[in-house]
Amino acid sequence: MSYNTFGHLFRVTTFGESHGPALGCVVDGCPPLIPLEAAEIQAELDRRRPGQSRFTTQRQEPDQVKILSGVFTDERTGKQVTTGTPIALLIENVDQRSKDYSEIKNSYRPGHADFTYDVKYGIRDYRGGGRSSARETAARVAAGAIARKVLPGVTIRGALVQMGPHAIERGNWDWNEVARNPFFCPDAKAAAFYEEYLDGLRKDGSSIGAVIEVVAEGVPAGLGAPIYGKLDSDLAAALMSINAVKGVEIGDGFAAAALRGEENADEMRPGNQGAPTFLSNHAGGILGGISTGQPVVCRFAVKPTSSILTPRSSVTRSGAEAEVMTKGRHDPCVGIRAVPVGEAMVACVLADHFLRHRGQVGESAAWPFKA
Amino acid sequence: MSYNTFGHLFRVTTFGESHGPALGCVVDGCPPLIPLEAAEIQAELDRRRPGQSRFTTQRQEPDQVKILSGVFTDERTGKQVTTGTPIALLIENVDQRSKDYSEIKNSYRPGHADFTYDVKYGIRDYRGGGRSSARETAARVAAGAIARKVLPGVTIRGALVQMGPHAIERGNWDWNEVARNPFFCPDAKAAAFYEEYLDGLRKDGSSIGAVIEVVAEGVPAGLGAPIYGKLDSDLAAALMSINAVKGVEIGDGFAAAALRGEENADEMRPGNQGAPTFLSNHAGGILGGISTGQPVVCRFAVKPTSSILTPRSSVTRSGAEAEVMTKGRHDPCVGIRAVPVGEAMVACVLADHFLRHRGQVGESAAWPFKA
Amino acid sequence: MSYNTFGHLFRVTTFGESHGPALGCVVDGCPPLIPLEAAEIQAELDRRRPGQSRFTTQRQEPDQVKILSGVFTDERTGKQVTTGTPIALLIENVDQRSKDYSEIKNSYRPGHADFTYDVKYGIRDYRGGGRSSARETAARVAAGAIARKVLPGVTIRGALVQMGPHAIERGNWDWNEVARNPFFCPDAKAAAFYEEYLDGLRKDGSSIGAVIEVVAEGVPAGLGAPIYGKLDSDLAAALMSINAVKGVEIGDGFAAAALRGEENADEMRPGNQGAPTFLSNHAGGILGGISTGQPVVCRFAVKPTSSILTPRSSVTRSGAEAEVMTKGRHDPCVGIRAVPVGEAMVACVLADHFLRHRGQVGESAAWPFKA
Amino acid sequence: MSYNTFGHLFRVTTFGESHGPALGCVVDGCPPLIPLEAAEIQAELDRRRPGQSRFTTQRQEPDQVKILSGVFTDERTGKQVTTGTPIALLIENVDQRSKDYSEIKNSYRPGHADFTYDVKYGIRDYRGGGRSSARETAARVAAGAIARKVLPGVTIRGALVQMGPHAIERGNWDWNEVARNPFFCPDAKAAAFYEEYLDGLRKDGSSIGAVIEVVAEGVPAGLGAPIYGKLDSDLAAALMSINAVKGVEIGDGFAAAALRGEENADEMRPGNQGAPTFLSNHAGGILGGISTGQPVVCRFAVKPTSSILTPRSSVTRSGAEAEVMTKGRHDPCVGIRAVPVGEAMVACVLADHFLRHRGQVGESAAWPFKA
């Protein structure tokens, strides 16, 4: 079962509400003897942290992570390492602004989970969206930082490739650019445009959607398994579970529907150590649910932030008419901070599949490819 | 764990290779006392069955299903009903044409899972693609027929809405049309076009991709659960696990990335029994991972059939150069027969979530919505 | 998968080491709208808390529990209730006595998990046994307190029924007596004997085993499921997972091996509402893995505490000879404090099966029996 | 979830009723390239097959197993091997004697699952006990035959060590004797006694319980995991899930309750390759839920067959009084044929834990112990 847990051999269970005392996660199944410091997790959290530019919410949350369990000093090296037991991470909420929740308490904000939580459970923690808040993704990013360490030689990077209807220019792609602008955008020219564009939307009290791409390089061939343990199937679930995501693609994605067989097939040539070299990567690094050794490429679409200043029609809990407009601190484009979250989810899925593969098939075949 | 099983309370485990003696599935967790005849399952299988038009593979497989367990006669009604114990379904393979597999045996067909199975397991049943063949989806359709019966009042229908770059005209949508053409296409005009279009591709020895849409009506509000048991997350995994699928969308999907917050928010008005009436359905019937009571709408993109007559560059198992062209019986557009498969997966996911919701929350809240 | 998680619909994930900063658990799947205060959990924790008599470890741990998530005020009643989202519980470690661990660090204590953790993971947190310490069971007791609230009308009580070779007199059984002596013993006379007996063992620097019985009354007929979801199978797993447990029995247990069919069969007579009245309960309330409506009765055997003052032969991490004696604070009979832990495990298993049953079969059949 | 599935990385799903068309299982997660012939599975099934002596049921079931999937010829060796895909096994029921079920249909046999299946599901396949029949264990034995092949160097053997109140003489233990008598008894003298003893019980129309011991030798140190993935916890669940089992012990089991700490601790001495040599095995090869490298020893108690000729009081489905006596073909001591079933369950649990360990920790540490 999986309400608040994902993964199988690398399992992450998250907990916490937006305005409760704390949020966090338990990472179970992490292999032992992996060096791990809180600072490494903190570095990833800092990338997702709110309040770092005028384009994200102004809520001030330091998102300081504490490791509560699962690590110990390895006396041979003096380093803190994982022990194989569950790693619990805790992030205390600090800036739970005491405000008037009377509007959100009794009315359902369109596009939000207010109505569905209420209809399902008969109650909800309405403060800041409670459990449905994207604040939960801080726990994912923390878990993802551990997942990365399980995957030596794998590089997982994400980028915002479209804001509103405006896609980046693929030819301008520069990974170094991603850290230089507040949008995680690999196209400097597009980033400059987004700055102006998003300022306009902010002033309108509006919001906008986005598309994120995550690329994992160095993934060995052989991860994933038929039929309901496919790597792409698990990636789709993981990315679709991120707040506000409405679509997921692997490789060419929906564009593949328009291709002919000759165009879509990734041809091969003899390569190193008997492994084939692929001449293209329409498949996004996955065939039959199993990694090919090429970069794993996935994209996901994020809808515009539902919290906007424009009043929208809605209903109250008791079924009366209402108008809702959401004041307060919100990201005008939640897609931006979804970039490190997407990376974290991909890292967790790959770590899980790496361990599952090693379990079923053993090490010899798994890492790296051997002819 | 989930290699060949999906679902939690409604669990489906499939087995079988394309050219082995049989394939089938075990459906575990089906509630008791549901009337179930093999003929009902057969009706769904017949919709997916190959060889029904010139636009699908000419392999002649009757796909006759046998129920091996889990049903018994209810003496009160004289009807065969489920007993709550696992329902095993068996479909024997009949038309395993004895042919020369020497080419496929030693070379990797581009776009197929030949290479990845081999690199993962060190062996593969190459006959017809073995376990990676879309023939496995017959078992899914059989399971889906049972899932539908778990969901009274829910109607799940699929349609092909794009072939190659050619999308249907939404205004022409007629569900009755779907059964009248060999493409499961709801737009009569588009269907006529596809006939000619696909004939041309067939003559070229080529193939083409497609987009499928599945709509579930009558789904009660409240199915799905935060955070890793979201309904959309499970739908994404289920649809992405279908052979050749490269993208999944819920509601507006990728188009939502281009919307502003005001455009995307589905406004509400007071409706019946205290439940809100939504004025639009950009969300595709799911908010915060939980169903809203609106129709659940999802789409998936299917890549073109990888088996084509045009020779493609590849490598052999021993790492030498090779050219591969796939003769034999193949669907020029695998997207067509993916329509009943998509419906089946949606049915299984909804049945699972219905039982999970009933478990956690109980019946009162679940079915139907009560204020 | 289940390394540090148990249960399916009522899922408990625990974390934490004996001498780390904190331990705790995440309870996922708890139904919503159940009144829950930290004080209720605390009351159960206080029963297991160390240092309450001279017969348990003198480590002073207040075991104060904090609820970090999953509860909210129900405005209709003003009470704090569960919300259906994960409930995280935190217990900080307070009395981590800074001591010299040099002996335990490099040598394997016989009967402990020192060697096995090291051989498995290549590292272990040796302070107080780390993750293998019975301190982890505090988290189970906390989770069990929540599980009890999921089960209205069910009473779950445990008792120590044997210490060393000395079994209680069944005829003296008085549930009220359990809270009156430091052994959770329902036989006042036996309790008096145990006091003297255990004092003698303590003075010897020795320890002793015990047998615990847990009885759940009010369990409705119908919980549990064939074949690998049997109620007794899950109880066996849950009880065997408690530290130091070496045997589990349901109903007559091993004594059933000596019975003839006529003696063992629990005869039935017509009872209320069409439900049968059983004339005996050799089965311990479970037939075919499913509850009968009679009290569920189980027992488990706890080995003597492995930490003793008598020196034992062992080896060091580097494979040299060593003698180990364990000074410090230890329970001379770990079986005593295993009583509330056993109750908690039974409560968690029953809560899980109640939700699973309700999911598959629905409410009508489940609670209570209806003809 | 686990209704009819057990295991995680080595997963077994069984299906089928006693008098349905067939029973069988799907084994998912078996590593690839393991030589596997139906004859190997058949050999194990033949040990459990009914009708082989006058001390088991006279039902004539050849229990011929067919492999439906998951194997293929390895061209390098010409041998049939596993492919890593699910292995489906089918056993058709042959001797479903058409008889009058009117008594069993409407009345609940004491000690059987008749009542509990009915109260849970509202219907049951009453023919021969349906799904609750021990006939289901044929599928377990078949799966166990595959599990054994996953565990090179491990020997798993079972023996009947007690029938009724009569335990064997431990000093007489001879593994070779087990195959020489119809009781799987390692003590020739006891076997001779049991023959006479059981003949007497048969003539009385009675039945008797038994205790079975299973020993796994060659199990490497390191299998199992804290806290809810303990090897002993999973063994307890697996053995308790066998029909008619009421108790499970690991190592000294309940006898450990009577021991003092000095007696129970298994002392160690330096051994080969840095691994310790244990001087005793009270622990049954498991400490802290993880294997020590010593033989894994477990026992389980089987209650007497509930089907007896002596009339017992019961009730009908409609709640009226009834007397039930079970004519027909039954094992007077179901414990006998439980021996190969117990072995199979132990094999499946060990295979699962071997793969899980290899997944989390990798091969270097797992097999065999390395200092």
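Going by the order they are written in, the chains are A, B, C and D; count residues from 1 in each one.
To be clear about the criterion, a residue touches a chain if its C-beta (ideal position, glycine included) is under 8 Å from a C-beta of that chain, and two chains touch if they have at least 3 such contacts.
Here's who's who by UniProt: A, B, C, D = Chorismate synthase.
Quantities reported herein were computed from a predicted structural model and do not represent experimental measurements.
> Based on mean C-alpha positions, I'd like to know which chain lies farthest from chain D (Chorismate synthase).
Of all the other chains, the one whose centre lies farthest from chain D (Chorismate synthase) is A.
> When I count C-beta pairs in contact, which pair ends up with more: B-D or C-D?
Counting C-beta pairs in contact, C-D comes out ahead.
> With chain centres taken as the means of their Cα atoms, state the distance from chain C (Chorismate synthase) to chain D (Chorismate synthase) in Å.
Chain C (Chorismate synthase) and chain D (Chorismate synthase) have C-alpha centres separated by 26 Å.
> Between chain A (Chorismate synthase) and chain D (Chorismate synthase), what's the gap in Å when you average each chain's C-alpha atoms?
44
> On a C-alpha centroid basis, what's the spacing between chain B (Chorismate synthase) and chain D (Chorismate synthase), in Å?
38
> Give the residues of chain C (Chorismate synthase) that touch two or more other chains, as numbers and ranges in rising order.
In chain C (Chorismate synthase), residues 1, 3-5, 8-9, 14, 29, 32, 84-85, 117, 120-122, 131, 225-226, 356-357, 360-361 touch at least two other chains, as defined above.
> State the interface residues of chain C (Chorismate synthase) toward chain D (Chorismate synthase) in the complex, per the touch definition above.
1-6, 8, 14, 108, 110-113, 115-117, 119-122, 131-132, 136, 162-165, 201, 206-211, 221-222, 224-230, 232-241, 245-271, 274-276, 279, 282-284, 286-293, 301-308, 310, 312-315, 318-321, 335, 356-357, 360-361, 365, 369, 371
> Which residues of chain C (Chorismate synthase) touch chain A (Chorismate synthase) in the complex?
Chain C (Chorismate synthase) reaches chain A (Chorismate synthase) through residues 1, 3-5, 8-9, 11, 13-17, 20-24, 26, 28-29, 32-33, 66, 68-70, 72, 74, 81, 83-88, 90, 117, 120-125, 130-131.
> Which of the residues in chain A (Chorismate synthase) end up touching chain D (Chorismate synthase) in this complex?
Spelled out, the residues of chain A (Chorismate synthase) in touch with chain D (Chorismate synthase) are 1, 8-9, 29, 31-32, 84-85, 225-226, 355-364.
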